[in-house]
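Listed below are the structures to be examined.
In the two complexes that follow, chain A is the common piece, with chain B as its partner first and chain C second.
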Partner chain A sequence: MNGLSVAYGEKTAVADLTATIASGELVALLGPSGCGKSTTLLAVAGLLNSSAGSVRFDGRIMNEIPTEQRDVGMVFQQYSLYPHMTVYDNIAFPLTMKKWPKSDIRRRVDELAELLRIGELLARRPDRLSGGQQQRAAIARALAKRPKLLLMDEPFSHLDSSLRLELREEFRFLQQRFGITTLFVTHDQEEALSLSDRIMVMADGRMLQYDTPEQVYHRPSSRRAAEIAGHPPMNFLEAEGQPWTLGARAEDWLMADGDTALVRGRIAVIEKTGKDTLLKVRAPSALLRVYASAEWPVAVGQEIGLQIRPGRAHWFDSRTGSRLEAGPELSELRWTGA
Partner chain B sequence: MRGTNENMWIKGFSKPTGRWAGLLLDIFVCALGAAMLFPFLWMAAISLRPGDQTMSPQLLSSFPLEWSNYRTVWETLPLLRYFENSLLVMATSVLFGTIVTICAAFAFTHFSFYGRKILLAALLGTLMIPEQLLLIPNYMTVAGLGWTDRYAALAVPWMTNAFAVFYLVQVFSAVPREYRFAARADGAKPSAFLWKVVVPLCKPSILTLALLKSIANWNAYLWPLIVTNSKEMRTLPVGLLAFSTEAGTSYELLMAMSVILVVPMVFLYFIVQKHLVQAVPSAENLKNES
Partner chain C sequence: MNDKKSWRGTHQAWPYLMPAMMIVAVFGLYPVIQAFDLSLHVRYDYYRNLVFERGWDNFSFVFQDPEFRLALRNTLLLIVSVVPASMVASLAIAYFLHTRRLLSRWLQPAFFLPLVASVLAAALAWRWLFHTEYGLANATFAGLGLPAVGWLTSPEWAMPSLVLFSVWHSLGYNVLLFLVGLQAIPPQYDRAARIDGASRWPRFRRITLPMLRRVLYYVSIVSVVHAFMTFDEVFALFGGERAGPMDRALTVVYYVFRKFYSESEYGIASAAAYAGFLLVFALTLVQLKMSDRRGG
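Presenting the complex of A and B:
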């Protein structure tokens, strides 16, 4: 993608996006709803016309090539199978369109059905399948013609959580085994972080960061990117008259004594989520979300002093929101409110 | 939504659950059905009466029934020829008409082209023109083409109409865009997408349209009367004319002919009926089936 823009009438949905996906990579388009990630996906597929810029596959400019000839496979969140066809006919559809001989189609469909473990479901109609089975069949159909590029729009979002995890892992295994270059859209930061080789973080039609999950998580390029990737959302402390905003993720805090504490606050809520305990700490003009270690003696209403783990503080320009490489010495800061 | 009697209840209404409410509703439905059926029953009854008792207020005034009325009709008119004509005209007009309508509706919903909105509005505008107003211009066109007294004159002018196109435009726009996206990615050209995905998905609605068109075409009276001169080219409904002359109307024969006219449509309805009920909440069907 080179300077890709997509406009609807006056409104620009995606602006000036430039990125390269290496062959065999799994790339997540991550961002809040309405940020232009689906639009980007459709533009790559050729289903939406770009108003500027170009899309290249293997160096070849694809702008004028219709979707039918782009050699892409697509999976959607819902309506992903043709409801009037059996699973077999669905998977066979792209091959029928290519006028493959029947015996070759059968061989390919059987092979895919086995890989995606839907062998017994081939004669069924989509409405007789569970959500997970439907998505498996949809992935099989998208892979049937061995496309150059697989495009998926929230493929796992409709599934319940255990099924989602299972199918995600299986898909990752298949994707790596066959080296399927994949671009997928998700609003789920955990899915993006756990599944992909690289993440394209998007907001308001712009790409904020395009990097490995580690970099996106540990070195967010801007305050906005930090908000999008990571849950619970990063805590931010802004100080009046200072050029920086300080950010720290919920798991990057230590308990600290009066003198060394960066922030002092009162515990407002304690949320126990299995192995973790999440505290909401009311500090002057900020509500902090902090994961508590097991040994912290915590109770609602209790006062607590907190300090950021060494090396885990993020500094952002308070005006532009972009990442700053360094900030003031943490131990010399005392937070008293904005 | 297959083969259950939920199909019988229109979207937005659920079948009342209470025992008495259910019974009342059943009675209401039966009464309505009886009111609808009564004219047909009356028609059938008159067709079995002797000629001098057609105005009798009793349903069946005399026994035995006059089955001979049907023989008289059969002997008066070349019924087989009429039936052939009706069937041929209906089949070609419905078949080609449906195909043309599908193509037109698909063009309106799936392509953007210059003047699309204006054309659609113009098409809708023609809905406001009463059909009677079109009789003379259509006749002049057909006569100009030298089609009078030929099958083309009977079938071609009524192949498409604005309502059918408009209805299918609505149905086709309810098809989720994901199907189009997936089909294009799967390498389907627009024509393959139309015939392999859109048409099978919208089959109930298309069948409904075809049935309505069939009935309208089968019952058409005025147009065939105007464009045909010879007896060989007339259709069944025009045959009714034979029993209503200046010398008076033979109601018993007129009704017998009407029965002959109605029966094939009843059969046609029974054949496609099970596909029709599904057409009522068509967009909802799409959702449930995905």
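Presenting the complex of A and C:
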């Protein structure tokens, strides 16, 4: 796939999106609900018409090509397995439509069923499957014809968390093994960061950043992009009269003494989530979320001084929100509230 | 709901069921039994409710009556022609309306007209369409270079005209049902099928049609029953004097009507009604079995 740009007219759901997905890559479309992720996916699939711009596969303009002939596979959010067909017939359906010989279809379906471990379920109807099994069957159906491009709309969001992790890993394995170019939509930043080769961060129908997970996480292109990728959300400190906003992720803080501390605050809440301890620190006109190291002596109500780890501060233009390459020297800053 | 079946539970249900049961008994069961009894009356005084002789004579008369046989043949013909024709046509129209939303907003009223127009009013319009000299049907035929046809006046065209009118008249209701059925199918399946490379016809054939199965089944049952009941269409289309030229559009219900009201042969009318009822009952049972086998 080679260059993808979709835009909509007057009432824009997705505006002026330009990106290229390299062959074999797994790309996540990340953004909050209603930001145009799914719209983008449907436009790529051809299920929605774009009002401007073009979609290209391998350089070929697809705008006029109907969905049926685009050679894409898709896993829908609600799986959308045909309820009146068995799992076997569901997986075989794309191949039947290509008029494959029966024996070839049999071989392909069996191969996929084994890979996705649904071999025993082939004779069942979808309503007799659990959510995870339905999801596997839907993935098998989408992969059956070895599509040029695989699209997935929140494929794991309806599964419980342990199953979600398991299926994610399995899917990543399959995707890499077959080298399937994949575009998937998610609102789960962790899913996007852990699974994908590249992330397209979207908000309000616009693309904010398109980069590797490392870059998206460590060098967010704007304050908005930083908010979307990463959990807990990045802490922002704004100072009156200053052209910058300072950002720091929860894990990028150190405890500091009185004279080297950037911020001083009082611990309001201590959340222990297994290996981590998350502090909510009430600082002047800000509530900071900070991961505490094991050796920090913490107690609710205690006063604490904090400093950002060297090289981990993010600077954003306080007016436009865009990333600034440098800011003032941290050690000389004393933040006392906006 | 969670209880097992028990006599105690069943008895407790009686008071709640009684009002509905009474209505069914008085207006449903009683007339059915009464009519059956009437069909067995051989010699009787209807007005004084005196019966001198009971027997199966009415049934044997009915089955030997060439008029009833004609009526039966015509009714069967209506069922096997009107039901499939109307179902195919109304499904096609409903699918068209369903897939072309914009156009359908303007066309929808036209297709529902048969539903809201009374049979009498509709038949009046069709009598004009079918008029031998001035009708649109013959004008079209003339335009195509075909000879004029006595739609409502020649015996051999009586049934074709009735079939045409009946199909048209059943469209509105069937289109409505199919449209509701089509709109109840979540659009995601059509999307999935497009992704899977299915073009329009395979999508209709392999996805839409199977998901409409229940509606298809319902419409077919209702249509069969309705075709069997054909009476008012005949009455209105041919003017109520006779069942078409030379009685050629005679139906079972028309036969019953005539025996009862014109000829005052109450026993024969009841016997004919029962014979017809058994026929439809058997047909419906066959339909039920067929849909069961397909996992309805």
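Heads up, the rule we're going with is that the second predicted complex is superposed on the first by the 327 of 338 C-alpha atoms of A that agree within 3 Å, B and C clash if a C-alpha of one lies under 4 Å from a C-alpha of the other, contacts with A are read in each partner's own complex, and residues count from 1 in each chain.
The rule is simple: a contact is a pair of C-beta atoms (placed from the backbone, for glycine too) under 8 Å apart; a residue touches a chain by one contact, two chains touch by 3 or more.
For clarity, every value in this text was computed on a predicted model and none was experimentally measured.
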Point to revise | Partners on chain A (chain B, chain C) - clash or fit | key: clash
Practice item. Look at A:Val72 in the shared chain and tell me whether it touches chain B only, chain C only, both, or neither; answer first, second, both or neither. Key: both
Exercise for review: For A:Gly241, decide between first (touching chain B), second (touching chain C), both and neither.
Suggested key: neither
Exercise for review: Report for A:Pro101: first if it touches chain B alone, second if chain C alone, otherwise both or neither.
Suggested key: neither
Check your understanding: First (chain B), second (chain C), both or neither: which does A:Gly274 touch?
Key -> neither
Exercise for review: Based on the superposed arrangement, let me know which partner A:Pro297 touches: chain B (first), chain C (second), both, or neither?
Suggested key: neither
Review point. After lining up the shared chain so the two structures overlap, which partner does A:Gly311 touch, if you call chain B first and chain C second: first, second, both or neither?
Key: neither
Practice item. Check chain A for residues that touch chain B in one structure and chain C in the other, and list them. Key: 45-47, 66-69, 72-74, 76, 78, 80, 82-84, 93-94, 97-98, 141-142, 145
Point to revise | Footprint of chain C on chain A - complex, ascending | key: 45-47, 66-69, 71-74, 76, 78, 80, 82-84, 93-94, 97-98, 141-142, 145
Check your understanding: Taking the complex as given, what residues does chain C use to touch chain A?
Key -> 186, 188-189, 191-199, 202, 206-207, 210-211, 213
Exercise for review: Sort out for me which residues of chain B touch chain A in the complex.
Suggested key: 176, 178-179, 181-189, 192, 196-197, 200-201, 203, 286, 288-290
**Study point:** Parts of chain A lying in touch with chain B, wherever the complex brings them together
**Key:** 42, 45-47, 66-70, 72-74, 76, 78-85, 93-94, 97-98, 125-127, 141-142, 145, 147, 151
